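In what follows, a structure is listed as structure tokens, so that the remarks can point back to it.
Chain IDs A, B, C, D, E and F follow the sequence of writing; residue 1 opens each chain.
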Amino acid sequence: MATQPIAISPENDAIWQSIQTETQAAINKEPVLASFLHSTILNHKTLERALSFHLANKLDSPTVSALLVREVIEDALASDSTIAKAVRCDIRAVKERDSACSLYSVPFLYFKGFHALQAYRVAHWLWNQGREDLALFFQNCISTEFGVDIHPAAKIGHGILIDHATGVVIGETATVGNNVSLMHSVTLGGTGKEGGDRHPKVGDGVLISAGAKILGNIRIGSGAKVGSGSVVLQDVPAHTTVAGVPAKVIGKPGSDQPALDMNHGINCDMG
Amino acid sequence: MATQPIAISPENDAIWQSIQTETQAAINKEPVLASFLHSTILNHKTLERALSFHLANKLDSPTVSALLVREVIEDALASDSTIAKAVRCDIRAVKERDSACSLYSVPFLYFKGFHALQAYRVAHWLWNQGREDLALFFQNCISTEFGVDIHPAAKIGHGILIDHATGVVIGETATVGNNVSLMHSVTLGGTGKEGGDRHPKVGDGVLISAGAKILGNIRIGSGAKVGSGSVVLQDVPAHTTVAGVPAKVIGKPGSDQPALDMNHGINCDMG
Amino acid sequence: MATQPIAISPENDAIWQSIQTETQAAINKEPVLASFLHSTILNHKTLERALSFHLANKLDSPTVSALLVREVIEDALASDSTIAKAVRCDIRAVKERDSACSLYSVPFLYFKGFHALQAYRVAHWLWNQGREDLALFFQNCISTEFGVDIHPAAKIGHGILIDHATGVVIGETATVGNNVSLMHSVTLGGTGKEGGDRHPKVGDGVLISAGAKILGNIRIGSGAKVGSGSVVLQDVPAHTTVAGVPAKVIGKPGSDQPALDMNHGINCDMG
Amino acid sequence: MATQPIAISPENDAIWQSIQTETQAAINKEPVLASFLHSTILNHKTLERALSFHLANKLDSPTVSALLVREVIEDALASDSTIAKAVRCDIRAVKERDSACSLYSVPFLYFKGFHALQAYRVAHWLWNQGREDLALFFQNCISTEFGVDIHPAAKIGHGILIDHATGVVIGETATVGNNVSLMHSVTLGGTGKEGGDRHPKVGDGVLISAGAKILGNIRIGSGAKVGSGSVVLQDVPAHTTVAGVPAKVIGKPGSDQPALDMNHGINCDMG
Amino acid sequence: MATQPIAISPENDAIWQSIQTETQAAINKEPVLASFLHSTILNHKTLERALSFHLANKLDSPTVSALLVREVIEDALASDSTIAKAVRCDIRAVKERDSACSLYSVPFLYFKGFHALQAYRVAHWLWNQGREDLALFFQNCISTEFGVDIHPAAKIGHGILIDHATGVVIGETATVGNNVSLMHSVTLGGTGKEGGDRHPKVGDGVLISAGAKILGNIRIGSGAKVGSGSVVLQDVPAHTTVAGVPAKVIGKPGSDQPALDMNHGINCDMG
Amino acid sequence: MATQPIAISPENDAIWQSIQTETQAAINKEPVLASFLHSTILNHKTLERALSFHLANKLDSPTVSALLVREVIEDALASDSTIAKAVRCDIRAVKERDSACSLYSVPFLYFKGFHALQAYRVAHWLWNQGREDLALFFQNCISTEFGVDIHPAAKIGHGILIDHATGVVIGETATVGNNVSLMHSVTLGGTGKEGGDRHPKVGDGVLISAGAKILGNIRIGSGAKVGSGSVVLQDVPAHTTVAGVPAKVIGKPGSDQPALDMNHGINCDMG
């Protein structure tokens, strides 16, 4: 992203155009959804406006209305353009990696892992602005609505897939690189009641399978794979597969960036 | 179900009659719930009408109203009579297997695993009608509301208990036989980013304990038991108990259909 | 708590006063939340009134309105003063043990584990009054809203931290002592379909890490620690660390009450 | 309506077909309404289904949900086919007489006088079934939502225009013929606190201008016109214009059925 | 009301007991309303609790929730016992004078004139406490919800019937005595843009018929009757009937307190 | 408005600054409203943002959400700057003419005549853009919510007071000048079922008292006064008072612009 000669506009926004085209097809095919799809997608000029509308409806509550929530989301998208870029990378990541998803519009409309992640991006922006209270409010809404608890201070890259999503927990000082895939019930947790740097650092391209718990300020090297149900308490070298309770090195992933393959099997990784 | 001489009608629908009787008793005992119980149960002539009312209220959202959702549920129940039969089998399964549940009305009214399963049945019907978009919309609602993520293309039999339910994930090409019991956080997951047949096939009478992850296109034979927290990556023979990360055969279940006993202990299964 | 010379009143309620002071500061800092914070905290004279207001909004539904839910919560708080005391112990527990939380107001306002626990306390009171139906209704609301499934008959002490909370399950005959810390996805489950005493008994000061499953009528001794992802099927002696699938004794916790330290690492506990 | 060789079906229902065609044009022109118009019109097979959906949304309340209200409306439409016919006559009446309305869909979607009238028709059916309580509930909803208070026992014909509608009051023993036009703030009121027949009887084709009060068991003959702001305390002969406080005969309407002309002027009627 | 030996309690509250008995009968007869009637009437121990519940639901809005509104209503009822007494007088007044109403429960549940009046009583209490802002908020809610605009500073006695109610306006310095009947669209208006005492003073037992406008600081003597549609700009002596635009004395009412007879005819009053 | 040297900005917007100052005082005085006042006023940078927020909440419905309504209002305010200027003139008009209103914030927050008028301004802008369908949708919402029915094609100036507002009707081809005061139940109605120019033309500074009906394409000259309850069927010369049914000239108003005095008395106008 060093050079950036062309800003995103509705005219050259290929993902947004695909989403609109797919949505129009869906309306023609499924009249019951026409109402929802018009108000959520076709009524809006940009992906950003559609996203603020959709997330605000998801996070609506009796005490803080969708109208207020939407204002905050729009402020975040307007003042930090990296959020909108990450949104597009995340959409592309889901479409490319999730074999059950062949459309750009599907994660945008229907995947709660995607919704939780984008709402976290807003909360993270709030946190960096020194607006911790509102960031915590968002964290609570995200956890209640989607079952995903990401501390707003955590740092997460782009091109992220959070699949199925229920039960994911990411702690305050965790970092997650780019192009990472996290399955449901994955924990990037801390240890100890003292503050300070106490959560995992996950490199680029890592695949963390369902239910894996990674605890403490440890490093998961780029291109590593963590098997389902593992409990990881020590550093994992790059391009290494670990599994078990507690997790042990069992081999190497079959590719450089296992997050992109989504191969959760570990047998063929064994030496 | 080969012969079916008598269709279900309100007059001979023993489960619906029990639910009504139990509900009337509950109203007399607990006035705070009278309002809820009247509108949800007693106002309706049939179990189907009550179910469409109750689920529609559960799946209500700012963008697709309960009125619209209910129309879809009623269409499904009217055009595929096997759904209504499966509903009754599922109610009976919960009452018989869940030691904390002694009434037919309790799963119907209060168990989110039951609600998620019936909403999936509607989504599955939609998927089979070629209405994938609306099926995905239902999948998202079910996942957000109940924390249960079942792909609408998955095939699930009758007499199913999904207990506690939070975190259950069932993938696109998974199949689940009849009279199966699944605890919370169970995953029937895929592996790999390619499409095609990539999820588990679970036989009849299987018991899968809390947090077990079963990954890939493998077979879990009829009457098998999968221990809590296991990660299963290989076929499991019928009438066999497996446990551990990764799961290994440790013995045989104490009964032919462990799903009916709900005995999650594995010590006595060991050889 | 044998002698209790001074009843809690708004004037001597240090936690409630702290919550009010913190909230006033938050309003000054974050106008978007002013509306929410005024209606939830500053409008109320007592912690009890604020709690009934906040929980009622969380548990609002199309079928049983917040107005009705609040009446029940107020009845419970008025007739059983131990609930209000436990609420304050729980708030203090979160602030002291959760390194991401430095304010009394934060768990009260934003932590769904705290909300689920207090709503359970109301359900438990209902159960003890013989109002099982309404208790089950609350259980369902708590499970759907927070992803936490606690049977209303379970017995839980004070000073409890349920961190992150998604996926926690606590069964009908389980008991949990005082000053216990439970992470997300912890199960205190039963085994078998017969009724009777079939769930774990957890002592004081125990720490149960993320995703641990404890199954059956077994004892977890005071001051024990259960490692993340463990599956515990046998008694655990007091002041002992167990881990693994199935869990084995691996050493002793580094302190008398590991729940207070929140040290989830198990390496340094090893003998 | 003596002979009725052809029942209304979606295929031969010219008004419903016009409404659908007009609505499709409106969606193409105004995307903001697409969502509303799809869910209210295009999602439905028949005018009756669309009407029950639209009215139920209008009469939704925190205590009796749209789901319940819609069931009642559907029961009424299903069991009394004259309602559906009157609905169509009323739509045609508005389109023909209201110079600000050139589409069939406009009164159906947007005119509260039309909505109040159709909701009254449901309440009247309830009253005739002996379900007075629910009829009174509907009366209250109609009065609160639309500012139109029609007692459910009143008898009202077809081809009725209630224009602007706010403040209209029609009492228990009033009758209104066919093809009548009533402007806003018109009262057909009783007098005295005794029961019995005490409200006006209005003939066919009558025009009652804005704010006119007609009080007591008096007859307004067919084809009469009542001037705006009049207070009528005595019988009015057929084909006669009255005006003033109290109202006096001032001449004759310029046509046989003044309701169809909507000429509120009275100067040219003067002798 | 000089002596008051017996305070109202649920046990000796004849009106509340009648309302409960009538409601139980309605539930048995009309299951669709069972839900509404339970939550609104049978769930409550006292008329006051039922009233605060019912009004709070009526005045619910996206910006000030029913929970908050109810707290205010309960404060008013608890601190000024004359409100609760006036409520009962008003209920009795409706039942005795409205020939379309034969039950105590009907005005309580379904008459918006009654609802508007009781909500005004709360606003008036707020105004007298110096809480003008909240009083104006209530005035706005009442006007929007019921179409009745009563300034909270106006003084209104007990035993009041506001029939049909749409369009009633009562200004800031107006006073209304006891046992008065006001029909819909009645105005007690001021004149001039200066403050000070500028609205009508209405004596006891007065009947003001539909649409009458009474303007300025004039007196309507006790037992007077004002004909429908009249515009009154001058004092009206006690026990006198006036009518017309502008209103003139036309005779005497047929009884001492015409409000109790509800005879809106004026012919027989003429001299 | 020929020259316009200084655009309105938050810094030089005296009315908006007064509203904010008054609101802050109200919050300090009345905590129950703090929540509402923060979200409606203090959270916003400009009067326009506050207005779009407040009106959107007022016009929220199950079928078209506040989020969508607000987008339309913001578009109107952004593309036609005369609306925002008229809004300020209207606020000033209410404060200066309504003796019960001494604050700028009160009409903005609490007067439904003001809310209806501003929502009409948005509908009028839509109509002029050729978006008749959405304009009619707004008209219906305004009529249902506020009891005020203004056709979106009507032309209305600035500095308008619509007091109490219930029952006001203004037809398609009506025009209303600047600085006009209309009381509740005023009708500017048409006559005849043919299209074309058929509604009144009201000059500047006119006062129309409660319940007056003005019918047909007639002129009400500048500075005229129409007495309460009048029915006007002929032109009224400038600076003339008319009253009665039908209305006749009775004298001259006591001032040049009777709308500013709000003197509804007509006695002193008589010759």
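The definition used in the following text is that a contact is a pair of C-beta atoms (placed from the backbone, for glycine too) under 8 Å apart; a residue touches a chain by one contact, two chains touch by 3 or more.
These numbers come from a predicted model, not from an experiment.
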Taking each chain's C-alpha mean as its centre, the one farthest from chain B: F
From chain C, the most remote chain by mean C-alpha position: D
Rigid-body rotation angle, chain F and chain D, from Cα fit (steps of 5°): 120
Whole-Å gap separating chain A and chain C, where each centre is the average of the chain's CA atoms: 28
Centre-of-Cα separation between chain E and chain B, whole angstrom: 54
Rounded Å distance, chain A centre to chain F centre (Cα mean): 49
Chain E residues counted as touching two or more neighbouring chains: 32, 35-36, 39, 43, 57, 62-63, 65-66, 68, 71, 147, 166-167, 185, 211, 229-230, 245
Contact set on chain D toward chain B in their complex: 39, 43, 53, 56-57, 65-68, 70-71
Chain F residues within the chain D interface of the complex: 61-64, 68, 71-72, 131, 133-134, 136-137, 139-140, 143-144, 147-149, 151, 166-167, 169, 171-172, 185, 187, 189-196, 198, 211, 213, 215-216, 229-231, 233-234, 245-246
Complex contacts: residues of chain A adjacent to chain D: 31-32, 34-36, 38-39, 42-43
Residue ranges of chain D in contact with chain F within the complex: 26, 29-30, 32-33, 35-36, 39-40, 57-58, 60, 66, 96-100, 106, 109-112, 145-147, 164-167, 183-185, 209-211, 227-230, 243-245, 260-267
